[in-house]
Amino acid sequence: MSEKLQVAVAGIGRMGMRHARHFATLTPRAELIAVCSPVQAELDAAKEEFGVRTYLSFDNMLANEKTLQAVVVASSTTVHAEQAIKAIEEGYHVLCEKPLSTSPEISQSVVDAYRSSVKSYPKQKVMCGFSRRFDASYRDAFTRVSNGDIGTPSVFRSQTCDKLDPSGFFVAYAEFSGGIFVDCSIHDIDLALWFFGEDSKVKSVTAVGITAVQPELRKHNDRDNAVGIIEFYGEKTAQLYCSRMMAAGQMDCTEIFGTNGEIAVNTQPQSNLVNLFESTGVRREIPPDYYGRFREAFITEANEFTAACLNNDILPMSLEGAVKAVRIGSALQESLVSGEKIDFDESGNRVEAARL
Amino acid sequence: MSEKLQVAVAGIGRMGMRHARHFATLTPRAELIAVCSPVQAELDAAKEEFGVRTYLSFDNMLANEKTLQAVVVASSTTVHAEQAIKAIEEGYHVLCEKPLSTSPEISQSVVDAYRSSVKSYPKQKVMCGFSRRFDASYRDAFTRVSNGDIGTPSVFRSQTCDKLDPSGFFVAYAEFSGGIFVDCSIHDIDLALWFFGEDSKVKSVTAVGITAVQPELRKHNDRDNAVGIIEFYGEKTAQLYCSRMMAAGQMDCTEIFGTNGEIAVNTQPQSNLVNLFESTGVRREIPPDYYGRFREAFITEANEFTAACLNNDILPMSLEGAVKAVRIGSALQESLVSGEKIDFDESGNRVEAARL
Amino acid sequence: MSEKLQVAVAGIGRMGMRHARHFATLTPRAELIAVCSPVQAELDAAKEEFGVRTYLSFDNMLANEKTLQAVVVASSTTVHAEQAIKAIEEGYHVLCEKPLSTSPEISQSVVDAYRSSVKSYPKQKVMCGFSRRFDASYRDAFTRVSNGDIGTPSVFRSQTCDKLDPSGFFVAYAEFSGGIFVDCSIHDIDLALWFFGEDSKVKSVTAVGITAVQPELRKHNDRDNAVGIIEFYGEKTAQLYCSRMMAAGQMDCTEIFGTNGEIAVNTQPQSNLVNLFESTGVRREIPPDYYGRFREAFITEANEFTAACLNNDILPMSLEGAVKAVRIGSALQESLVSGEKIDFDESGNRVEAARL
Amino acid sequence: MSEKLQVAVAGIGRMGMRHARHFATLTPRAELIAVCSPVQAELDAAKEEFGVRTYLSFDNMLANEKTLQAVVVASSTTVHAEQAIKAIEEGYHVLCEKPLSTSPEISQSVVDAYRSSVKSYPKQKVMCGFSRRFDASYRDAFTRVSNGDIGTPSVFRSQTCDKLDPSGFFVAYAEFSGGIFVDCSIHDIDLALWFFGEDSKVKSVTAVGITAVQPELRKHNDRDNAVGIIEFYGEKTAQLYCSRMMAAGQMDCTEIFGTNGEIAVNTQPQSNLVNLFESTGVRREIPPDYYGRFREAFITEANEFTAACLNNDILPMSLEGAVKAVRIGSALQESLVSGEKIDFDESGNRVEAARL
């Protein structure tokens, strides 16, 4: 067996620890060697679990880990781009949690950094982790669509709906999340681009949102439920729903309607293969959160990213696509707030004058 | 439109009232003209609802209703055969609730009466109402099996499982019901004969039962849960489950496994097309009782029986089959009690000596 | 049993014949006495099946049927309003197929005629037949929502998606249908008003459509797939999808997301309770068309309309609501064509100036 | 992180290679160091994939691998017991594929060897791998049953049904498989003992089998479809179905009916969360084979066995239970062939005389 990819994880909060665990124990070709976090308690927990070197400073980690090959950026969204760019410029492979940034411009700067760096490090891999692309069911759906099984995919409907968290966490979180379309629907937008083609051109976006359970979200220009339409050039359209109000658990599902059939992913959500027959009827549980639904996809992501770095394989998705998804998400969020439909010409420029 | 079939219903307890309602209001070609019952309150209710003539005596009803053409026997099982035979002998069409009798011999006497009577009344129709044969889903399954869609049907699995009735009703009822295999599984046995062919020859039956919730059933040689095997000559076998202990509602489902596929009926029971997403997961309700599951089938039965009488059509099932089902059900019940497997030769005679 | 409601059906094409059949044979308290149609062959078929009097002229039918009490208007949409108004003005009960008209103004004129007529005929009943309101599953959902089971209903998602008809029928039909939002989504809009309350105030509508399979629809300003958003005042929003491109059959489903749970109707469509296990996996069929899905609802509609006429009961829905649904559907269709979002103030007036 | 368990795999045919892969790459705390097989090509493939030492002889492997701690016996069933006993006697931890042997007596000899050996090696772990016990859905079901969620589990129904393999493989395989009840239903029997309690006492077994597709199986006293009943003392019973004739794929499901509810595992089998809407209806695929259904369970098994060896934890199931399952499976197979019901007294002895 070949040598193992030497990996560090930046940011080891809830999601970062999961990435660390996937690389440390469930990615045979990778070796987790270091983690960093500004929180000492998190470092202690990681040291205890993985026996790795720990750093309070991202820069120090890069400076000291001489054998390091790849960095997983799982820190808070506000520093994604900064850390990713630093790692890129030093030639490391980078797996950055989504989104690169809540700002399309900053997201673009990561791509720019990579385009510049890859001239010096031609085998360098940089990926924004859209975990659903690694999910077995979505992949099955994509293969079928690619095979022409449903004809031309024409209408795309997808939702990312989180379980209600009555603690108020989402209100505080909304200040930095970029809003529900950037935070949640970014996945659905990425999927739309995947299924329709990454070169799909947006013709318009419209969004409407409400605050059904957490009116305080409005102070951050956010909503707890929102619906949106992305119109594409070439007879394609996408319909989105995002929510933070689900009672039963994580409800992420996608349907692709083609000229000759439809494929549905997870429209009948479930935790496992158990059904309970009780005096109140038949019941099944569903995953309580995003990780409960997509854990296997994250592990696949870690393994495939590792393989791509070691083998110099082409990554399954482009970094440009991640910027495009942020751009669309931001436009939807803007429409949500302004109440205006936003039109684009075929070059991607806004068509503002049309309404005057 | 042709004249309406003049119908009377004998026995208007819960099920009899339903039959009366089906014929009075949901069978356009029938007219309900009379009912009988030994219970005056039932007669009053029927008179109120249907405006029909009422009789405390079955015999009086037959004697007085000069225009009567068809009798629905929905009285208690113990008088099914007696009333059916009387009506048969006077030339009426008869729709008799299942079973003809809990005794195979008495059931046979109904067939004998009909065989004799039909010589005088060649257009006379007599049917034992196995309602599932009129259910749209079972019919769809049967059509597919008949078309050869699953190859040769080889293994048949079916269950009739009632919701738990904690009132103790079933204990009292068990005294006259013929036991759980005759009362519940009779439907599954009839279906096995339908799907395998009514000329199928039983090679052996075995049954095991338990009293999980109502040990008092044992005093009537009955059980609250039982499983059984019917082995047929010609590489076919059936597996049965009957229960009076279901928590969620009526759980009647059937699977037919063929050499080239399988058809399942109602293995995902449901009341309607509603799913509820709650903090405890996803839930749907299921029908609370047999009628909740099969109401439409009973109405179809009423309409098709009526049409067969008026048009002199061949009935969809033979009266002999009803006797065969009772015979098999009785044998299973006997095996349940004795703990012995019961073998039959190809002529249908018991093979007792084999074990000695 | 009381006397039977004397009913005539105007228009006996495919749907009209079904209504005729429901009233003639499946509505015990109604009697079908006459039908009219400009097509002699249709009259012949109806005479053959029902033995009723037939008329080539609607006016002649009304003039000649002295015992007539109720008229079912099932003619082509273009004459719905005219026939309904004539019948209303003569004091008949009227059940009019949806929509009253594709024009909100003409639809309103039916309401106006009724408001005027009901002064003279205080027991007169006039209903626009939104069949889904009579469907057992939708009613179950509505009862639960009314009971507060899901908290405050906040997001409504619904679709009416027809099986692809490659014959080109829909292109010709589009000339008079009012467009896909008026023809198909009218049901979903009516349901949104039902679940959110008929007094809900629309804040904006937006729609996007494509022609994925039938580009000729554009000459009638129509599309074969469209998505729309209805924003309501008071933190509620609806998301619609309508299509004429489904491969598998009729796909009508609805989800109501509340602050405390969700109810889904028919998100797992099926024809019956049969599942087929084949070499290609597990398969079930789904209804091929609208009637296949909603036949029972139409029959319930016929019976309840009849009962309301005979008993002078309040109808389950207001005629005004039917106009409101047409108004919203027309606005969505307009947005589909213009590409503009349409805003409304709380009085229901358009807010045109806002964008200047 | 602690040191890794040093593991060898004996037998690297299809299933053995999977075990090797699980231990080599998906069990972080284990290290695969050697494999053995009488087939050189298999050794070459393993060397290529894992870089491990290879042996044509099981004995040589044990003799030469000085650091070896645990042996996975995945060779052909006929040598399971022999290899397991050798490894046990030398003090290795052993994970043996099911069944220990098709013979209850030989199976017992493995237990005897372990009981003797464990006196010298008190931390030694020996487990027969019933993979379903490691499946997340079965574990969820077990937890619920243990919590009393369904009251007293009373009726157990389970099936192991393989996809039809038209190659004739199963006919050759039947010579050594022990028959369909020992080969397939052994899993269901193990589950019955798990859910009812490993101390459950069998009162009787009965089985019936047919050859619907492969009559040649009869020459090895086997069948391609069989049904069976296990009656337990204490008001419990199990109903089994095993088949090698499924069209759609692997169909393994289990239902546990309790006095207060039911739990169903995999009664709606599926490969993943994808549904396909096609002109023929709605379709989903199901796993083609046992491994497709239970891959995750095998990986969990490898990890938990490893942890138990390293931590000296108690294994999740007893070796005695594995013998009991073989004993019951053999009795069912005997009943299948003889056509006789087999009764047992409460001490587990056969009651032969009862019938004379």
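Residue numbering begins at 1 within each chain, and the chains themselves are lettered A, B, C and D in the order written.
By our rule, a contact is a pair of C-beta atoms (placed from the backbone, for glycine too) under 8 Å apart; a residue touches a chain by one contact, two chains touch by 3 or more.
Only a predicted model underlies this, so the values are computations on that prediction, with no experimental measurement involved.
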Chains touching both chain A and chain C, listed by label: B, D
Label of the chain whose CA centroid is most distant from the centroid of chain D: C
Distance between chain centroids, defined by C-alpha means - chain B, chain C (Å): 40
Between chain A and chain B, centroid-to-centroid distance (C-alpha), Å: 57
Residue numbers of chain B (touch at least two other chains): 246-248, 251, 261-262, 267-271, 277-279
Complex interface listing, chain B residues touching chain D: 150, 152, 154-155, 157, 204, 206, 208-213, 225, 227-229, 231, 235-237, 239, 241, 243, 245-248, 251, 257, 259-262, 267-268, 339-341, 343, 355-356
Residues of chain C touching chain D in the complex: 246-249, 251, 268-271, 277-286
Chain C-touching residues of chain B, taken from the complex the two chains share: 1, 24-26, 28, 50-51, 136-137, 140-141, 144, 149, 261-279
